[in-house]
Amino acid sequence: MGAEGQHIQYLISGITLGSIYALIALALVVTFNITGIFNLAIGEFVTIGTLSAVTLRSAGCPDVPAFVLAVLIAGVIAATMERAAIYPARKASILTLIIITIGVAIALRGAALLIWGTHPYPLPPFVDTAPIALWGAVIIPQMLFVLGLAVVAVMLLFAFFDLTYAGKAVRAAMINRNAARLVGINPARLSLLAFVFSGMLAALAGIFIAPITTATYDMGFMLGLKGFVAAILGGVTNVKGAIVGGLLLGIIEAFAIGMLSSGMKDGIAMMVMIIVLLICPTGIMGLRIYNKRTGSWMVWLRQKVGTGSR
Amino acid sequence: MLRVNGLTKQFGGLTALCGVGFVAQPGQILALIGPNGAGKTTVFNLITGVLQADQGEILLANKRIDGLRTFEVAALGISRTFQHLELFTTLSVAENVMVGAWPRNRASFLRCLFRRPGMMKKDQELYNKALGLLAQVGLKGKADWPAKSLTFGQQRLLEIARALAGEPQVLLLDEPAAGLNHAESADLAAFLRSLAERGLTLILVEHDMDTVMGVADQIVVLNFGTVIAGGSPSEVQQDPEVIAAYLGKEDDEVC
Amino acid sequence: MASAKSRYWIALILVVVCVPLFVKSNYVLSILIVIGLYAIIVQGLGLLMGYAGQVSFGQAAFYGLGAYTAAILATKCDWPPVLCVLVAPFLPALVALIIGRPILRLREHYLVLATLGFGILAFAAFNESIALTGGPSGLTGIPYLSIGPLVLDNDRSYYYVVWGVLGLVILAVANLTGSPIGRAFKAIHASEQAAQSAGIDTALLKLQAFVFSAFLAGLAGGLYAFWVTFVGPSPFGFTASIEFVLMAVVGGLGTLWGPVLGSAIIVGLAEFLRWGVPILLPKVGGEFEIVFFGIIFVLIMLLRPQGILAPGRPSGMSGVAVKEEKCSG
């Protein structure tokens, strides 16, 4: 494989993994905008969805119903989480809520460990076709499914936001949470739906990527975190930014792993996140030329970060 | 002496202040008045470095202080109170005042960690000083109460005591009489007068016209971010622009 | 009054000193050592969370940094062990000093994620800098801690070292929280704006608390290295960072004994679960105890966010954000 082919290979695997990050970031951003809560348990829904699908398949359930059922299971758990842990604490401080989502995350991870153990489970690709060679790079057919899922999910989401009344109302609620009440949306129900939606989307992302990676009880942890990195990269309040951020992170990671070392894979994403948080906390989509006098930048940063999140 | 020259501040496209200037002299009380949203609190936020001005300068004793950060401004001798009370609710009344004395009694992390001898003795002196200040504002005997147990009016007085503990040259008071009854307002006015007589520079933002007219030496009237009038209370009261700006207006400033 | 206070201290010291006389099991002693080590870390974290109102989900990185510094100085530079333990905390403190300013400018979710990211980054670095840290297989051959001719090669003597250091740490934290600095911290917590207007450099104070917490974590790390005489990356991962926050929260933020209690509860519970759960579920492996920690986390946050020892009203981090909510609303 020539150097050029290798670069194309990096790009393709970057985009594949990036699509997954983008989907998880999307789930996070939508929930964050509606509820003001970063769901740090998002990765566990990836795990639960995927491992449920594995279990259902091995119990003899055909592929598609197994996947649908697995996504629904993730949705039910997300609903339970929202009702049992988030809703009762909705008036608590943001840090309390963050710690709650972390608590839910580790409880779910522990539960996954108890149910499925530490060993990896394979999930076969959706179709059994030979890899495709393209410009010296190899495309695994499953990658196309991942890309397809990302495109379809994004299109459906945008169609929902742009074309339906409910979507427009949700969008209004995302911009101004008080506006939700004005257009007749019950904020409690919206919060529930947001969590269910994000849990189901995360599960779907896991089921699609698992044939390429593998399914383990802790697969969601890093995927979830990378979803956060993608969301931050794109500017946490920005739906389009989440997609761009996810793809960008995937590509950065693929090239960094290919050219540097695979061991720092997770380190690179964290480094990207820290750099973005420190230099431009509004993310790449929030970048603006800011030519105010000395000191203004700090004030600006403080306004953008933290205070506006709830 | 605090001098403000040509202060301009925009929020997005909205001009909050435009070329505001005034001079506050030691021993005098200057009142900033104006309708809601006239930019009075913004002036305070600019002076104290909470916000940075887009244009203009702020001078304390002829030295520029704009561009400094809030705690640096405070260390130079400008203390303030807040329109919406910002007490340290988890501390006692006396402790609030003791924190206010920080600019003259800065503590070092390492010295506190190792509890250097003499430190706690100094703190006891600070406590006694706080008791004195509390007595001055009429909070005698409440030193060890939790700050949040005070009534609204008392909390306002505590904020003033806390601001005074820093031994400031300039005291900025943001609506000190809001929520006080008539007698309390009168007491407050007398107290502010006595502070001015001690040589302090006082600037207050106030809605209560009785208090303002009774206590201020100089009044600056803001409307839509510009100074529309200035001078002694009697001059301002007769100014037609001021009368126009205030016509029919009598409600409290909204957050 | 002073004598009552000192009597209380003497009683506590006596209890700590006498415990090894009654406890013969090395297993129990080693658990007590772990509790002591964690309590040192959590004292720092408690100060950061309960007083400075900040949070760090990356304390395990500082713990690891201290452990590796001590281990590397002892094995590769042949420094005397005591010197290694004393020097080790300064590297994490320095790192905290460098990253502290920009990181502490962040708030809430962003602060959580940035510290968490830092912790994961450090963990990856421990694993990957093989030349320095030995990578996943770690560093072996660390000598026992020795003071002159006295070699501390058993848990009984090490217990005294760790709890002795913890005693000094508690004393230092008590000094700090009872001092004007402690008051300033509480002030920042209650109203950052008013604290700044009172002339307090709030960013500096928060940084100091952060650096101090990193120092204590590094101190515990150095002590850990000379106790187990082996340092690998596994105790310094993300789970450990979360457990430290859990200990701080469970014990009660803004209290002197909360960190000790929190460490004892979480370490004790982990040991109990590691003993008990395999009896019920024999096939289970890995860190399954986290499922219970997660549930405790959620329950504590829902039912008693101020922790066990803190008085009625929620204090600690909750106060800050509630305040912010009020302002932004």
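A few points about this structure:
Order as written gives the chain letters A, B and C; numbering starts at 1 within each chain.
Everything below uses one rule, namely that a contact is a pair of C-beta atoms (placed from the backbone, for glycine too) under 8 Å apart; a residue touches a chain by one contact, two chains touch by 3 or more.
Since this is a predicted model, take the numbers as computed values, not measurements.
The central chain of the assembly on a C-alpha centroid basis is C.
Chains joined by the most contact pairs: A-C. Among the other chains, B has the CA centre that is most remote from the centre of chain A.
Distance between chain A and chain B, defined via averaged C-alpha coordinates, is recorded as 48 Å. Averaging Cα coordinates per chain places chain A and chain C 31 Å apart.
Between the CA-based centres of chain B and chain C the separation comes to 41 Å, rounded to the whole angstrom. Counting partners per residue, chain B has 69 as the residues that reach two or more other chains.
Looking at chain C, one finds that residues 319 touch two or more other chains.
Residues 38, 40, 85, 88-89, 92-96, 98-100, 102-111, 113-114, 117-118, 217, 221, 225, 228-229, 232, 236, 261, 263-267, 270-271, 273-274, 277-278, 281, 298, 301-302, 305-310 of chain A are the ones touching chain C in the complex.
The part of chain C that touches chain A in the complex is made up of residues 55, 57, 102-103, 105-110, 112-114, 116-118, 120-121, 124-125, 127-128, 238-239, 242, 245, 249, 281, 283-298, 301-302, 305, 317-322, 324-325, 327-328.
If you check the complex, the residues on chain B that touch chain C are 48, 50, 69-71, 74-75, 79-80, 82, 86-91, 95-96, 98-100, 102-103, 105-109, 112-115, 119-120, 123, 126, 162-163, 166. Residues 172, 175-176, 179-184, 186-187, 189-191, 193-202, 205, 208, 212, 315, 319 of chain C are the ones touching chain B in the complex.
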